[in-house]
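The following block contains the structure, expressed as structure tokens.
Each chain gets a letter, A, B and C, in the order it is written, and its residues are counted from 1.
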Amino acid sequence: MDNYAVEMTGITKIFGEGFKANDNVNLRVKRGDIHALVGENGAGKSTLMNILYGMYRPDSGYIKINSAEKTFHSPSEAISGGIGMVHQHFMLVETLSVLENIILGDEPAGFAGIIDYNTCRKRIKELAFVFRIDIDLDAKVGSLPVGIQQKIEILKILYRNAEILILDEPTAVLTPRETEGLFKTLKELRSEGKTIILISHKMSEVLSISDRITVLRRGKVTGDLHTADTGKSELGRLIVGEEIADLSVKVKTPFEDTILEVKNVSIKNDRKFLAIEDISFLVQSGEILGIAGVEGNGQTELIEALSGIREIDSGTVLLNGKRLQQNDVIAHIPADRHKHGIVKEYPLYMNILLGRESESGFSTPYHLKQKELINYTDNLIKEFDIRPADHGQLMGGLSGGNQQKAVAARELTKDTDLIIASHPTRGLDIKAAKFVHEALLSERRKGKAVVLVSTDLSELLMLSDRIAVMYNGTITGMFKAVQTDENEIGMYMTGMMAKDSKK
Amino acid sequence: MISVITSLLIGAIFIAAIGQNPLEVYLQLFSQTLGNTYGIGQVLFKATPLILTGLSVAIAFKAGLFNIGAEGQLNIGAFASAWVGFTFVTMPWYILIPLSILAGFIGGALWASIAGVLKAKFGSHEVINTIMLNFIALALVSYLVNNIYPVPATIHTPEISPNAWLQRFDVLTGIFKGSPFNLSFLIALAACLLMYYLLWKTPLGYQINTLGLNKGAAEYSKMNVKKLIMLSMALAGGFAGLGGLNFVNGYKHYLELGFSENAGYIGIAVALIARNNPWGIIIAAIFFGILEYGGLTINTLVPKEIITILQAIVILIMISINHFIAQSRYKKFNAGTANG
Amino acid sequence: MVFFVSSCGKKEGSTVTGKLKVGLVFDVGGRGDKSFNDAAYRGLEKARQELGIEFEYIEPGPGADREAALRQFANRSDISVIFGIGFIFTDEITKMAVEYPDKKFACVDYTVDTSKTLPPNLVAIEFKEEEGSFLVGAIAGYLTKSNKVGFVGGMESPLIKKFQVSYEAGVKHANPNCQILIGYAGVTGDAFKNPGKGKELAMGQYSDGVDIIYHASGVTGLGVFEAAREMKKFAIGVDSDQNDEAPGIVITSMIKVVDVSVYDIIKEVKDGTFKGGRVETFGLKSKGVDYVYSDKNKNMIPDEVRTKVEAIRKEIIEGKITIPVK
């Protein structure tokens, strides 16, 4: 008997009219391995995993689990077959406790159908101990950070006796620290004999944690590698199909005007507590100011205030020397695209209109200039390489990367000197992320002022002229990007160090 | 279409269960509603207020609001129309008719605005508020009719001036003889056109649509969400308020208590079936007109209670099948694009 | 007039014969109100059994349905007499009578407007409910032990107000110190078919110390009886003898002989003596309205009260008492 936990052979899946999401794909995962499945968005990774997980039926090919041929007709069958999946969007009930979430759907009924919480608690505690996951079982899930929520998802599938764990883009929503914690847990799982399939498109992560890598491009397998035997450039070539060129090198731009000036500003959050306390900074024309920090340290409130959505409690914000008005035009790429950036049900061109419907180029007070809008959209599609190149395509039908390109296209072409970009590449594949980065850099070259918020430190270091670190509603450090590194910023992010940042 | 056939089949089982021949009942229903101009006139007469209340529910829904209050808005608007009609009796028709129409719109709009303002300023839920406002509106109109403008031994207001009449089509054209089908139908159609233009051709409509589809996106694109909520509610109330013209200015020439026959509530079903599309609303309203008037035509064969049950079943089936179709379309759409 | 008329009504017997056929349109309460509409139905039934006629009926909703229902019958060649039951038909039936001079119309509770002449093919049937209500008011005034009586009306409207006001006058006539609580079930036609609301109103009044409630509220009144049964209090019925609805609870009922009036008109048509354009008044004098005093409820009305009430009846008939109506 060979020691493969999963063998998928000759898998083909066709959607709609002949679109091959998977084309004769072979995937073999050794028991006790961390096996990475990499590729761009739309390469067919999720489809392949959904087939394994019983969500889709393949049009051809077969699956063996521990050498026995298996067909799962539904996720619940897959779960009882020892396969568990942690989705990119967590499926947790925020108002329930950790314990309740873990047993949800699999509640052990005791006497008279009453849930036997004590037994479950004991079992979960054992699991948590074995895999060194430290969680308060009685906390409400909604109050926990995403990193912990993810561990709850993992516990949830371990609780259902999963031997094979599938993790879909697990680090997309994590801070560097949380990512580290996750990898620790994954290694614990491996050492206990669990098999892990990790879907990702972040090469550095994949290279640091996996044992083997399978690369997908456009539905086909383009590489099956030992992690130890490969490196970034080979992997990148297999993923994208060409060498990835480094981003344009930074040269100081010749502009000197101050575009944005924030002076002693305090901002309250929705619960009327101060989320930002007395911060000050400047952003100049042709400059990218990176804002680093663990999520929830006031970045959201700051951005909302700068873009005119949230009121400032005290202090002043000046845009081009004038006090910021609620109706000042500002380009804003929001952190949560789905919640704030797009309307899924609208076609692409109507998303381009979002926030710009009163511009005289697009409307009079009584009429929308539909023709002009569509022409404009068609130009943006070309300029920003949005695919499919169809202005009538429903936004919900676009891939995440193309949605983000559309948002960027809309915002960056606004008539303003100030651009605020919040996590602009979160969840995007390499190509799309690179596109957004270049777009931001190009705006910088044109003399725009850019405020870039991100938790991805390498992104910040690569794009920013200066980096401000936020912790607990204040700026704990301000650095020139060329004079700092991830370690230093990391320490300021966690509040371990602070220096007077007032400029 | 599938839903109509399914409804008819299930209805047939019920009719057979009470010992009547379903074919005979349906024959009578269709021949008397659609088989002659009088029946068609009756159906369109019934459909007229339903178009307007359907629009009312739909436009609120487009803004993400659930307007249960069309019934109250309709009554207040109708009273306003009637009041103008029986108060300014000396005005010429070219002033009085527009004034009466405007009064209906404003009456309904103001009434709905109570819920709109409460929602926008204090976040209190419009569903509860509009329901409560329905009760208040009915009681208020009843008080006005019985105590302030009473006509002895009746439950209606004084008659409006003939200058405020919206003429009946049988008088104007000679067809639809005997049916109260009148010019207010054209007002209802105009309201559909207005709603279509507003929602799909103007920046304001775009903002309302956006608010209803993704409130977060509306806020982040700096739309004035409070203003939009108040405006949408006012428009919803205005449309519902026009619904009274059909009965008051077009038919009886006075407001009679109970005239609205729950048109405000049926409007919810109309909007649901039409999926808030103004053209769909016309069709759905006519469909309900057939149900309503058809119920009366077969009343000599089938007891009223059974007719009510039949109507409810038809509504349920229409809505669930509609929903089912939408769901499967959505699934297809998802399967087609899920290729991550 | 060109109307496409498809009729295949076979509800109560066949249509083949040349029998007299009656079409009747009920008030909002509809059949099964154990009161006003059911009384009209009894008249129809009696006419069918004794006069051999046929009939069909419609139960319309509020608003525009009434005219449509009347018209539906008027367009039928086999129907020659059409009834509207309720004051609310006044306008519509007058209009229909003018439009269809070949048909005969009758309207129960027609609101007579002395400034207008009735069409020659319409009989207006009018009941002096205030006379009957005054009498049951007097009975309540004499019988109450708590010196508190109640009234529950259906839709708040001038017609029901008439019941209320004359009842109050009757109570005060018998017992000037008696307190009277008033409640209405609603402001639309639905208020006549809401027993739940009736029960709620009655429970409230009984808890406030009322021991007798007179209702004029159609089906809603069934809720009043229910409350009386639960609270072990008393009620007075309306329109028909409602003793059977709650024996031992219903002291008496203010009856309107709607059945007799319907039957009488049908008989006139059958006998060829129908004469339209007139108002047919049913009052205490002609026993068109009355209160029930029968073997079933005798024990609840003491002889001494009976004597006093009968004396009042005489005074009313002789015109010695003027009864307020609003």
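Just so we're on the same page, contacts are C-beta pairs under 8 Å (C-beta built on N, C-alpha and C of every residue); 3 or more make two chains touch, one makes a residue touch a chain.
Computed from a prediction, not measured in an experiment: that's the story for all the values here.
Asks: Chain contact graph: line, ring, star, complete or other?
Replies: line
Asks: Using only alpha carbons, which chain's centroid is the nearest to the whole structure's centroid?
Replies: Smallest centre-to-centre distance to the global C-alpha mean: chain B.
Asks: Let me spell it out: compute each chain's centre from its C-alpha atoms, then which one is farthest from chain B's centre?
Replies: A
Asks: Provide the C-alpha centroid distance between chain B and chain C, rounded to the nearest whole angstrom.
Replies: That pair's centroid distance is 34 Å.
Asks: For chain A versus chain C, what separation do you get between their C-alpha means, in angstrom?
Replies: For chain A versus chain C, the centre distance works out to 74 Å.
Asks: What whole-number Å value describes the gap between the mean CA coordinates of chain A and chain B?
Replies: Result: the chain centres lie 46 Å from each other.
Asks: Help me check something: in the complex, which residues belonging to chain B touch chain C?
Replies: So the residues of chain B touching chain C come out as 24, 27-28, 31-32, 35-36, 38, 42, 45-46, 138-139, 141-143, 146, 150, 152-155, 177-178, 180, 247, 251-252, 256-261, 293, 296-297, 299-301, 303-304.
Asks: Which stretch or stretches of chain B touch chain A in the complex?
Replies: Spelled out, the residues of chain B in touch with chain A are 201-204, 206-207, 209-210, 213-214, 216-217, 219-223, 333, 335-340.
Asks: For chain A, which residues count as touching chain B in their complex?
Replies: Against chain B, chain A makes touches at 15-16, 19, 21, 41-42, 44-47, 50, 307-309, 326-327, 332, 334, 336, 339-346, 350, 353-358, 362-363, 365-368, 370, 394, 396-397, 399.
Asks: Help me check something: in the complex, which residues belonging to chain C touch chain B?
Replies: Going by the criterion above, the answer is residues 1, 3-4, 6-11, 28, 30, 56-65, 67-69, 71-72, 87-88, 90-91, 99, 111, 155-159, 187-190, 326.
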